[in-house]
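Paired with chain B in one complex and with chain C in the other, chain A is shared by the two complexes that follow.
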Partner chain A sequence: MRILVVGGGTGGTIVANNLARRLSGEIRAGKVKITMLSASDKHMYQPGLLYVAFGQMMPDELYRDQASLLESSIDFHVDPVEQFELDKNQVKTKSGKVYMYDVMVIATGSRIVPEQIPGLAEGAETFYSEAGAVKMFKRLREFQGGKIAVVVGVPHKCPIAPVEVIFSLNDYFKARGIRDKVTIKYHYPIGRIHTIKEVATWAKPEFDRMGIEYETLFNVKEVDVQNKVVKSEEDTEYAYDLLIAIPPHRGMEVIEKNGLGEGGWIPTDRHKLTMNGHDNVYVVGDTTNLPVSKTGSAAHFEAEVISENISSIVKIGTPVRDYDGKVYCFIETGHDSATYAMFNYQNPPNLKPPSKPMHWFKMSYNKMYWTSVRGLL
Partner chain B sequence: MSEIKLVDARDTFCPGPLMELITHMKQASVGDTLELLSTDEGSGADVPEWVNKVGHEILSNEKIEGVWHIKVRKAK
Partner chain C sequence: MTTETGTPAAATASAEDLHQLAELANLVTAARDAMSDDIVTRLAGAMSEGITLLDRLTRNEGLIYLLQELDRPENQHFLVSLANAFTEASRELATTPQAQGGLGCAIRLVRDPGVLEGLRLVSLIGSRLSKSMREMHRHGG
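What follows is the complex of A and B.
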């Protein structure tokens, strides 16, 4: 069986490594071959970008060589797919090569598209790229006081990030001794301060205690960069000195160009994780159109289900597990405390009070990620 | 009349039904109708609040066997 993994982010890497271990005997016997095609020879730990934006991590700490993370039996090529030919069970790559498959896993991820909102790319700081996070830190470092606006594009990766950046801003300016000179105003697209009801209920008194201002039902329409004013679809506006944006996202261009899914999100069965209409094509992580968080955590739990099922199909001819919508998100509640939200399709999160040990666990996880992505944790 | 686009946000806590609807509304064209399915008890009120504030149009809003079916037309 030829298994093709397209994309070397969190989901694709965990699937490939997990499969390589589960099917090691079949690979040695020449019955299974795993190939991974990726656009990059580097793998980035994306949650670390928040720490880079506050000077707590250096960018080089976020990267490993992709090849060093993969089981040696995986045939890895830096050669991104340009054409998906699902009717022929094959893809064509940038270099012109054709790869045929019996089973394919699409894990191409998502991208930020700040340019979709006029003025946002020019006017806002963001920490969703290495260059952006470094630039944001430099802006924060030189900031001596005034009004900071945080705005949130839709959809966005890591739905906890908007509240995390608020807590981090509060602690950062407290540590510099100028918190009283900084107004922080949070703007959120729906009618409460977080989409998860339990997070909103918990965060609201925290915001009040920290003196964070907030406006809900605020979807960014445009940024007047010259006059430093951010305007909403709901016809409100705010004049800022420093604008921080969680940028809107789309799926990857290659998905849209090949007509695999509107917005770059591939229609996916919420339990089987197969592409609708294609039982031999699995979709993992941000690439799906599932109504679950776009996070490494969701990608991780989906990847485990996909690899277990592909492996069982090889061994006994049938999948064995359904994805239950599981997501586990750390929530950094400042620079020295954290909590978490765990939920699935049926069970809402039950938030625990923030604690220092949970923050230390998150700090440890920042290193343990490399074990996790190898499929060991 | 254009085809109704279904946004199935049943049994989801994050990003949640309204956030899902906003995502799909951004991808839709003016005049398109979207039907949101939600099992979140609050959707019956939360969704019209946003739709009305931003200036789109609620075509229907009903709960059938525990699921909110909310039809929205993109007006701008």
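What follows is the complex of A and C.
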């Protein structure tokens, strides 16, 4: 059986490594071959970008060579897919090669598209790329006081990020002794301060305690970079000295160009994680159109289900597990405390009080991530 | 009477338990206060690399086989002999004049039966190794 994994992010890497472990006997016997096609020879720990934006991590700590994270039995190529030919069970890559498959896992991820909102790319600081996070840290470092606006584009990766950046800003300026000179205003696109009701209920008194101003139903329409004003679709506006944005996201361009899914999100069966209408094509992580958070943890839990099912199909001819929508999000509530939200399709999150050990758990996870993508945790 | 004498003893035991619990809590608090983000990060980093290394070692068939072979008494004895030979050779080398080179020097060296035995051991290992490697490549390994 030829298994093709397209994309070398969190989801793709965990699927490939888990499969290589589960099917090691079949691979040795020549019955199974796993191939991974990726756009990059580097693997980035994306949640670390928030820490870079606040000077808590250096950019080089976020990267590892992709090949070093993969089981040696995986045939890895830096050669991104440009054409998906699902009717022929094959893909064509940038180099012109054709890869046939019996089972394919699409794990191409998502991308930021700040250009969708006029002025956002030029006027706002973001932490969704290495260059952006470093630039944001330098801007924060030189900031001596004034009004900071945090705005949120939709849809976006990591649903907790808007709340986390508020906690981090509060602690960052407290540590510098200038919190009283900084006004922080949070803008959120729906009618409460977070899309997850339980997070909104928990965060509101926390924002009040920290003196954070907030405005809900604020969908960013445009940024007047010249006059430093951010305007909403709801006809409100806010004059800022520093604008921080969670930029809107889309799925990868190759998914849209190949007509696999609107906005780059592939229609996916919420339990089987197969692409609708294609039982031999699995979708993992941000690439799905599932109503779950676009986070590394969702990709991780989905990847476990996919790899277990593909290996059981190889071994006994049938899948054995269903994805229950599980997501686990750490929530950094400042620079020395954290909590977490765990939920699935059936159960909403039940947030625990923030604590220092939980923050250390997150700090530890920042390092243990590499063990996790290798398929060990 | 039994109740009267039993109660103070139980109370004492309970007080001691509480004292020990308080000591334990103090220890945990002290450890917690002594920790920092940097310590936690470094510990986690070491643990992560350690787990990865352990995983690679335990799934390496060659290493596992080597460990099984090293469990044999004769191989353990061989290892001890090898370690001793390294030490003795190192000391001897330090006190022996530097070799002049040339055929005469080589002939003088091979006159030593020990050297010849050593060469024979190396050639035996080489012979078996090459046979095994040839077999592996013949089977596409």
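Before moving on, here are some points about what is shown:
The rule is simple: the second predicted complex is superposed on the first by the 377 of 377 C-alpha atoms of A that agree within 3 Å, B and C clash if a C-alpha of one lies under 4 Å from a C-alpha of the other, contacts with A are read in each partner's own complex, and residues count from 1 in each chain.
We take it that a residue touches a chain if its C-beta (ideal position, glycine included) is under 8 Å from a C-beta of that chain, and two chains touch if they have at least 3 such contacts.
Nothing here was measured: the structure is a model prediction, and the numbers come from that model.
In the superposed pair of complexes, A:233 makes contact with chain B only, with no contact to chain C. In the superposed model, A:285 makes contact with neither chain B nor chain C. When the two complexes are overlaid on their common chain A, residue A:354 makes contact with neither chain B nor chain C.
In the superposed model, A:376 lies in contact with chain C only, and not with chain B. A count of residues in chain A touched by chain B and by chain C gives the higher number to B.
Judged by the touch definition given at the top, the superposed model places A:367 against chain C, while chain B stays out of reach. In the superposition on chain A, contact of A:261 is made with neither chain B nor chain C.
Once the two complexes are overlaid on the shared chain, A:189 sits against chain B while remaining clear of chain C. After overlaying the two complexes on the shared chain, residue contacts for A:296 are found with neither chain B nor chain C.
Listing the residues of chain C that touch chain A in their complex gives 32, 35, 37, 40-41, 43-45, 47-48, 51-52, 55.
Against chain C, in their complex, chain A makes its touches with residues 56, 336, 356-357, 359-360, 363-371, 374, 376-377. By the touch criterion given at the top, residues 8-9, 11-20, 22-23, 26-27, 42, 46, 49-50, 53-54 of chain B touch chain A in their complex.
Put simply, chain A touches chain B in their complex at residues 154-155, 159, 189-191, 195-197, 217, 219, 233-234, 248, 262-263, 291-294, 325, 327, 341, 343, 345-346, 348-349.
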